[in-house]
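Below you'll find the structure I mean.
Chain IDs A, B and C follow the sequence of writing; residue 1 opens each chain.
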Amino acid sequence: MSQETTIKEHLETHVTDHDHDHDHGHHDHHQSFISKYIFSTDHKTIAKQFLVTGIIWAIVGGGLSVLFRIQLGYPDADLSWMKPLLGKWITPEGHIAPEFYNALITMHGTILVFFVLTAGLSGTFSNYLIPLMIGARDMASGFINMLSYWFFFLSSVVMAVSFFLATGPASGGWTAYPPLNALPAAASGSVAGVDYWLVSIVLFIVSVLLGGLNYITTVINLRTRGMKMFRLPLPIWAFFLTAVIGLLSFPVLLSAGVLLLFDRNLGTSFYLDQIYIGGEALANAGGSPILYQHLFWFLGHPEVYIIILPAMGIASEVLSVHSRKPIFGYTAMIYSLLAIAVLSFIVWAHHMFMTGMNPFIGSIFVIFTLIIAVPSAVKVFNWLTTLWRGNIKLTPPMMFAIGFVSLFISGGVTGIFLGNSSIDVELHDTYFVVAHFHLVMGVAAFFGMFAGIYHWFPKMFGRHMNNTLSYIHFWGTIVCAYLIFFPMHWEYMLPRRYPTHAGFDTFGMFAQLNEFITIAAMASFAFQLIFVFNFFYSIWYGRKLKEQNPYHATTLEWTTPIRPGHGNWPGDIPEVHRWAYDYSKHGRDFIPQTEPLSQYEIEHGEHGDEMDSDVIAHENDDHQS
Amino acid sequence: MTGWLIFIAVLLVLIVLFQVTRTLDLVSQLRGDDDSQLEQTSRMQAIALFIFMALGVIGFFWSFRHFAPTNVDVASEHGELIENMFIATLVVTSIVFVLCNVLLFTFVLMYRYKKGREAVHFAHSNKLEFFWTVVPTIVLTGLVVFGLQAWTRIMGPPEEDAVIFEMTGQQFFWTSRYPGADGKLGPRDYSLICAENPLGIVTREYVEHRINTLKGNAELGVEGEIAALENRKSELPGLIAALEDKIAKRPNRYMKDQLQEELDALEDEMDEIDDHILRRNQTLDRITKKYTEDYYMANAEALTWGYDDFLPSELHLPVNHEAIAKITAMDVLHNFYVPHMKVKMDAVPGMPTSFKFTPTITTEEMKQILSQNPAWQRVREGDTDPVWMSFKYEVACAELCGLGHSAMKYTMVVESEDEYNTWAESQIPYWNGIASSLKISGFSKAAPVLKTAEPEAPAATDTTATVIAAQ
Amino acid sequence: MSQSISHKRFIIHPYKFNMWLAIVAMIMMFAAFTSAYVVKKADFRYWVDVPFPQMFTFSTITILLSSVFMHLSLVTFRRNQVSLHRLFMLLTLVAGTSFLAMQIMGWQELYDNGIKLNGNVAGSFLYVISGAHFLHVAGGVIGLLVFSVFAFTRFRNPVDTLVENIHPYKQIGLELMATYWHFVDVLWLYLFFFLQYS
């Protein structure tokens, strides 16, 4: 008993102490460049580090996709001019070598899934927004946060180095299925590339886990006074659940990767059985390649939600702020996020319907998979209703948020085909799958990310981005995204990961379409460069932000100074009295979270605030006017 | 030169564009009155978004017409099931897709920003939430129920008289095998794979043969693989030394590089040769341990199944008769994929899988169907006839398996039952074709009796018998 | 200045919460290993029962003891009993290190029994799972080393002792260490029974 009290006392002293430490930051005392920008423990700086690294990786990953799209669209093009750059990866005839093609798709997938849409998206916005939106001075542990970025950086370096291996980087697909990725004799990328890939992914997992620990702890423990869980802005809920999913699923990938490393280097047979390759029978016996797939997809499927949940959260916030309306069905949004998070762990085997698994087990996964469509549908309808009777400001972030919803619908509905195992017989590993996941978690997540960047750029850098360029970027991106991935559904019998389909009569009728898609892909890439330019130019030369709260938003990050220092708020942390979505309430455009409830005001959710008298009164106003 | 000019021109255009956008932004700043500007922008963007959506929806429906010829004609019984499921799902999802997108962009257009307009504080409605939780649930339940019915039928047990064949994926080709007259595929063992026995079929002779090819047999004049590797290992140091010597003396840089490459290759070989020897020894060890007299006694019957198996260069199947594909892989994952049959199943090393299907359209009938299809009128390079004329069902690999993934093509012919039977009877068992060239010693057992009826077979058996008798 | 946070009642200290979350992640990792083990074991075509090393029984006792020492060293630290704290800290360190040594001896025993890493999957799993746990303990031993050094360098005089004991950073560090150490102990206990009797 007494022990407990002592601990509490200690905690209190500790916290005061902790707070005191932070206060140093406000005096802007001299920090060296290294401690301020490189080994910084400030969550805002770390967020920017994640963002910039993510952008660099996105350019690389996107560039790779342009290369393999050229191969698909123009299989006869003479690419000898790339020889000085790519060397032996260009065949003497001037085409992309098949092995290089495989390396391109592998690296494109790995980079975009892990480095851009996990680290670049979740890493950036969780770090940036969690403390600012919940009213905390910083993350629970700035040091762990810093480690998280630097593990990511290390992982990036290892992956980057693997590009320059004599035998090339990993080339067995981003899922690294054994035995292709276990046997050096199976592919040149599997000679050394896969070892680098695995080491890089292990470092990446450490980074995600360190980051995730912090996000969860911060959200649970460091909310400011009055910030109940059900007052949190939706992005925070999304980041929180993302971190939980990551914490539970990434360690499993770690195990899978460790076992694969053993199989590759120490002669174990976890995934290998009765293999005859390169003219000889291997001694390995008793393993199962399918075991790896189970372990991999136990992470792999939650991973797609790790990618899309933050985008959903950001889009919810942006849609609400710019349509001047509360997000519709706040609690339903949270419960659907929760449902998605839980269900994401029990649907993994829908990636494996065609592995010869027990059909009965397959059926169970069909059921769970299609159940997950329900919370997703609920979210879509809630977003639509949020727009209904709003006053929609079509600023660049809003454009991207709307684009996100559209893409999520378009890519989401095709999931209903793929989740149904009998249709999956036809569609498994074809371009239909490529179209589905690129729309729903690739481009849609990018749109969520862009919405976030455009929305919070002024907060991050104290300057605005160029509006016209932003609109050009939006239109270029959404038009190209649809032109690339929509027609791809028609290639529903075309197998994936083929550098050329020329050998087959059945697949030969898509030459024109492939060329069209390639043109759209190249254009899309060019439009992203406009964004990159706009982003970096505006950091230094953008129009300066003059208002503290340019969007008239309710959330806490807009109560900080235009350029917040270490510790975020110069004085006390504001106290919160209401949820984050009091827009257009009681005839007021917005009511900040920091404003206490007025005497007659009912907090949201206390009783189902349907179209209450307040709303009806406004309706009458509308009719009159 | 022109390249550079174009590059500079593009760069200039971009700079001009950027200056224009910057000016636009500055002008809008100077004009002040953010609200009316935002109203204008929102109006423009909302209309543009709406037009984009309208074009998109039109494009969506147009694409059905335009791409219809690229559809694959379904040529199997369960394929129809899948097709029906696909169409049902397509109808449902198309409604959702069009409806949601239309609503989204219409709302954006209708409720775009206007100065003075007040948004409605409408935050929550249990009725609505209930409604759009329940409706998707009902629709999805329907799809799940029908989907699972189809799934159970597709994956259900095969019929008794199904035609059995086996597909083995390997980097980067397929090998097919039919069970022959006895209707049973001979057992396989990957340790027995060698040039003469590419699938590692187990019969007593093949075991003997594999031991000979590994160990060598002086009597038969067979140099064993292990001995060959040992020889190579002993001569490698000499070769390397000689090359090093050569490189040291050769002043010509180009030649030097070339020789260096050769040297690297030799050194790599030197590094790996022990592994190769070890693996051969392990293989030999596994074989000698497994194939004892006890084993032969216990499996006497199964060991005869392999004699009449045949390995054709193309699949033949009778129409309207169930076929069952036994699918295996030797090295990495592959996937047995027949687009027209809607057949797809992974080939996993060490774990045989299978897929049953009933072809419903013969190759000739399919040619007639495709002759009407505009997508099949194209002409291959160096050919004069349109592609449909030489149509054969194609088998592809649908699981990334390395650099030759896209080259794993195999063909399939679907024909009438009579034609199929004639074809099957004309096939020579693999054993017959190879038996004469096998060198087997110390083996007194009588020649295996073949159950095939074709005239060549006895002759081939005779040859085998002579070979064996000669020992 | 800092009322805004200090009036908050933490249910649990953030660092401790972090530690517990990290433990959850580690549990997931070992859950993956052990479920892979179960799946492979169900496929009995290849499974060979591996003679469980005797040494692992001794190492289990050792790590259990070390956990007790760890607990005592924390208690003595809180009670300000410097010399006892030093003693138990050292004892924990010694027990931890001997656990590592015993694990190595256990592997040696396995190897002598003809169980090779690249042999049957059953053996490989035994090596890999106990190896992964070994690394976690090794990390813990490094931590113990650091805290043992602290134990001897930090309490030079009564004033120091007082400061050290009251300073929450120091205390939370040792508490985290203890939590982690108990975790690797319980983890081993689970693995020990799992690998032997599952």
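One rule holds in what follows: a residue touches a chain if its C-beta (ideal position, glycine included) is under 8 Å from a C-beta of that chain, and two chains touch if they have at least 3 such contacts.
From a predicted model like this one, the values you see are computed outputs, not experimental measurements.
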Taking each chain's centre as the mean of its CA atoms, which one is farthest from the centre of chain B? C
In terms of C-beta pairs in contact, which of A-B and A-C ranks higher? A-B
When centres are defined as mean Cα positions, the distance from chain B to chain C in whole Å is 47
Interchain centroid distance [CA atoms averaged], chain A/chain B, Å: 31
Centroid of chain A to centroid of chain C, CA atoms only: how many Å? 34
What are the residue numbers in chain B that touch two or more other chains? none
Using the touch rule from the top of the page, what residues of chain A touch 2 or more other chains? 273, 285, 287-288
Under the stated contact criterion, what part of chain C meets chain A in this complex? 1-8, 10-15, 17-18, 21-22, 24-33, 36, 39-40, 43, 45-47, 78, 117-118, 120-121, 124-125, 128, 132, 166, 168-169, 171-172
State the interface residues of chain B toward chain A in the complex, per the touch definition above. 18, 20-22, 24-25, 28-29, 38, 41-42, 45-46, 48-49, 52-53, 56, 59-60, 63, 67, 69-70, 72, 79, 81-82, 85-86, 89-90, 92-93, 96-97, 100-101, 103-105, 107-108, 111-114, 117-129, 132-133, 136-137, 140, 143-144, 147-148, 150-152, 154-155, 170-171, 190-191, 193, 200, 276, 279-280, 282-283, 286, 327, 330-333, 335, 337, 339-340, 342-346, 348-351, 353-354, 375-376, 378, 380, 387, 390-391, 394, 396-407, 409
Which of the residues in chain A come into contact with chain C in the complex? 3, 6, 10-17, 19-20, 23, 135, 137, 140-141, 144, 209, 212-214, 216-218, 220-222, 224-225, 247-252, 254-256, 258-259, 262, 266-270, 273, 285-288, 291, 294-295, 298, 572-575
